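Two complexes follow with chain A in common, the first pairing it with chain B and the second with chain C.
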Partner chain A sequence: MNATRTVRVYTSVGLVAAVVLAVVFVPLLFPVDEQAVDMAHKLQAPSLAHPFGTDDVGRDVLLRCVYGLRVSLLVGVVAALASTVIGTAVGAASAAAGGRGDRLVMRVVDVFSSVPHLLLGIFIVAMFRPGVWPVVVSVGLTHWLSTARIVRAEVLSLRSRPFVDAAISGGASRLRVAVRHLTPAVLPQAGLAAVLMVPHAIWHESALSFLGLGLPTHRASLGNMIQDARGTLLAGDWWPTLFPGLFLIVPTLAIAGLAGVWRERINPRRRSELML
Partner chain B sequence: MSAAGNTPGACDPPALRLSGITAGYERRSPVLRDVSLTVRKGEAVGLLGPSGCGKSTLARVAALLHRPWAGTVHLAGQPARGWRYRAPRAQRTFAGVVFQQPRTAADPRLTLHALIAEPLRATGRAVEATDRVGRLADAVGLGPELLTRRPHEVSDGQLQRACVARALVLDPGLLVCDEMTAMLDASTTAALVTVVEDYRARTGAALLAVGHDRTLLERWCDRTVEAAGLGAPDERSRTPRARETTPAGTPASGT
Partner chain C sequence: MTQTQSEPAAAGGPPVPRGRRRLWGPAARLTGRRLLAAVPVLAAVTFGVFAVAAASPFDPVQQYAGGGGLTASQDTLDQLRHNLGVDGPFPERWWHWVTGALTGDLGDSTALRQPVAQVIGERLGWSVLLCAVGFAVALVLGTVLGVAAARRRGGMLDRCVTSVSYALEAAPPFWIGLLGIWLFAVRLDVLPAGGLTDTGTDAVTAGGLLSHLALPALVLGVSQVPWFLLYVRQGVADALEEDPVRGARARGLSERTVLFGHALRSGLLPVLTLVGSRVPELITGALLVETVFSWPGIASATVKAATATDFSLLAALTALATVAVLAGNLLADLLYGLADPRVAWEEM
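Here is the complex of A and B:
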């Protein structure tokens, strides 16, 4: 049981490290124009010169995958951080307000949750010119809802613990209890929510790009590449679809694996807290 | 309201006076109804009763942690002017509270040293922390190497020792021990009772000890009170007031 866990930890950490190194250093080591068209070498099958082959306008698929993953990771991380900050603030404020204010905030959260994220996201990107930041704003603004719920529930359950009573009896102010006892207790949960949000945000970015609403079509993005490759796949040229797909799936699984390890690290202590 | 504190000989105001307390958690089903209890200065009162009879609620009311629906609380002669965060800091810290379960009463992220020092930090007396925590840890029997550990790295007994030290760190005039020893073995129980009694002998602090261990409370306290007579749900119509008993061989008056 421990051995499989260790394997999972090292696999996740190794994969995430490899992805980060690749998206940081490959563009530095191969400063080529990943958007340059080379019709003389279009749709070449994987070979030594082009390990992932070339696409329908002769661009190297491996390089475009790396550049695309870079954009996706950037969007994913920034959007996840933004949504976590919004969600934590709203959830904590809602729990702190209590009563009518709390009910009002949570009903607003319910209303937003009832609309599919992607639909709301499309609505937001449609208001801007295509680019990276509209996608970040769209994903960030649609994904804080679950974090707000988690943080609110956590604060509510923490607030009635005896250690808060002990702090009050020790003369702590409301602010001190919030800063010293409640926030540190909520941060691991919020951090976990942020990490889990990264793959989700990457998938949303890809979905928006695939629908033609995300990044400009010439930019290398995993969603754009899969969209572009649809025609060639029908002709039997599988590599422009398969490799971006793998670049989408493997890093997201690795990040999710990392989040799983984190969750296990949080939980044992929690269990011991509740056990007695 | 014939408060026991008004008896001749005890001219100081009682450490704790609860009068006509009605309290509960759910509307229309009070846990306590019209309960009155007085703990004189320097006196040790044991509150006895089975689980669920409201004795812990009464302890929380006495420590200003639970707002009663009716009734008044006087601490050292001063009427309570608020509950929880709204209580004036001096009134809140007048009562040092030890809870039944050290696990839930300790912030799992603090080291034992930080846990004991927290009330000093919260009241702007952080400079005294090193000195006072060291002395208190010594008194409750926690070695220096334990003070750097976090709650999940120590036993229940060790954690409860730290919680007792935390309750004493602000020199409270009243100690409220809510089933303090329920989770502990006999030797730790004896050690912690000794710590509390040493502190009381030194400072003249009063004690409200809540529990269901009759033998322990009758030996520990000057007098014991049956919580059943204080307004527990099944007894409330019969005896709305405290039925106070004095065990034989124990002086009835406080020091």
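Here is the complex of A and C:
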């Protein structure tokens, strides 16, 4: 059991590292013009020269996947950070306010969760189209709910712990308790939520792009690539569709694996042992 | 807040009365309470929708006037604004929309050139059909594979099934749909690639419907399977290690009776009650699958409305989706109380 866990940890770390290295260095080492077409080499099946084949205007699918993953990751990370900041702020404020304010905030969270995320995202993008920012905003604005719930619960449970009581009876101000004692304890949870949110945000970005509501169509995002490849797919050429999808799945699984390890490390029992 | 997301209130609840439980009264009262609670939620959601539209650069007058809006005089535009009923502040327009909606008037769709109510009436049935069949596929596949995986936890089959589940969970449904089209419509040429009828005909026949429904429903189902399968596997595997199962085995009952009579019943219970709370994911899946397969349902209309910035249709469909989610939550709670006698509907 432990051996498989170790394998899982190293695979996840390795894959995440590979993804980060690829999206940072491949565009530096192989700079390509995203608009460039090469009709002489269009729709070539995977080969040694083009491991993932070429698309309907002769662009290398592997290279384009890396570029697409870079855009998708950027959008995903920014949106995940935004939603984590919103969620942490709302959750902490709600827990700190308590009473009526807390109930009101939680009602608002309930209202938000009764609209499917993707639909809400579609609505926001439809109203503010087109561009990168509406996508980031729409994904960020629709994904802070779970973080807010987690942070609120965490703050509420921390507030009744002895060390907080000790700090208060020691004469610490509310601000000092919040900054010195609550924030460091909540940060790992918020960080975990942010990491878990990245694949989710990427998923949403690709879905919006696929529906034609996401990033501008000339940008190589993974959702745009799958949308572009629909015509060639019907003609029987599968590679421009298959590989961008795999590029969505692999980082998601790697990040989820990494987050799972992190979750085990910050699980409550272990942490309370460390604190005592 | 749905009860399904928190622990059952059973432990500290009132003693369960002996004999038959009275079902209809408490169920009706819970439904009534939820209907009342839905009113402010719907009001808040639609108000938010109008607020976002008011804050956005979208202008219905420019959209209506099209290219002419650039050259028309300010007076003409103001007159048009008044005629379209969009000259007031947005809370006023929201209230106008709400009062209209109560009488069945949801405005006109600019993208589909029909009254919104008619769009919903024509398309809702197809979406419900697709979602129902897709969900049934997910339930059957999830239960069969989940139970099979749970019987030998850590075995070859279990590891295959769980790995594939995680991969499927990460895979976008539209991508699965496109690969399905490639395999079944392009390579094998056994199923149509999309739509509701064959090219050149508008008549919907039973056989034609079945062949056009098969692939979208399968893809929607497969995209919903991982969640369901992993829950079933967990529930049944845990149940197989509990005392009642050990007792049943000790009494020499057959593996079949143990599995279906004991483990499946207690293992599936928590999952079945969560079914209603999956409505948001089902809607998300339908949005993508209907678009991939040009299915003439409500979800593909949503995407069309968004592409054309069709505010009336988007507002109505957002409200409709909210209603569906709330109804799903209610269904989940009703099933929960029905399946688990320790749970009292009165406390939800």
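The rule is short, and it goes like this: the second predicted complex is superposed on the first by the 266 of 276 C-alpha atoms of A that agree within 3 Å, B and C clash if a C-alpha of one lies under 4 Å from a C-alpha of the other, contacts with A are read in each partner's own complex, and residues count from 1 in each chain.
One rule holds in what follows: a contact is a pair of C-beta atoms (placed from the backbone, for glycine too) under 8 Å apart; a residue touches a chain by one contact, two chains touch by 3 or more.
Since the model is a prediction, treat every value here as computed from it, not as a measurement.
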item	value
Touched partner set for A:Ala207, first chain B, second chain C, both or neither	second
Partner contacting more residues of chain A (chain B vs chain C)	C
Which of chain B and chain C A:Ala185 touches, first, second, both or neither	first
Partner chain in contact with A:Gly99 - chain B first, chain C second, else both or neither	neither
Touched partner set for A:Gly236, first chain B, second chain C, both or neither	second
Which superposed partner A:Pro31 touches (first chain B, second chain C, both, neither)	neither
Touched partner set for A:Ile168, first chain B, second chain C, both or neither	first
Chain A-facing residues of chain B, complex	60, 63-65, 84-85, 89, 92-93, 95-97, 99, 101, 103-109, 118-119, 122-123, 152, 156, 163, 166-167, 169-170, 183
Chain A - residues contacting chain C, complex	106, 108, 110-111, 113-120, 122-129, 199, 203, 206-207, 210-213, 223, 226, 229-230, 233-236, 238, 241-242, 244-245, 248-249, 252-253, 256
Chain C to chain A touching residues, read off their complex	1, 41, 44-45, 48-49, 52-53, 56-58, 166-167, 170-172, 174-175, 178-179, 181-182, 185-187, 193, 279-281, 283-284, 287-288, 291, 302-303, 305-307, 309, 311, 314, 317-318, 321-322, 325-326, 329
Residue ranges of chain A in contact with chain B within the complex	161-163, 165-174, 176-177, 180-181, 184-185, 269, 272-273, 275-276
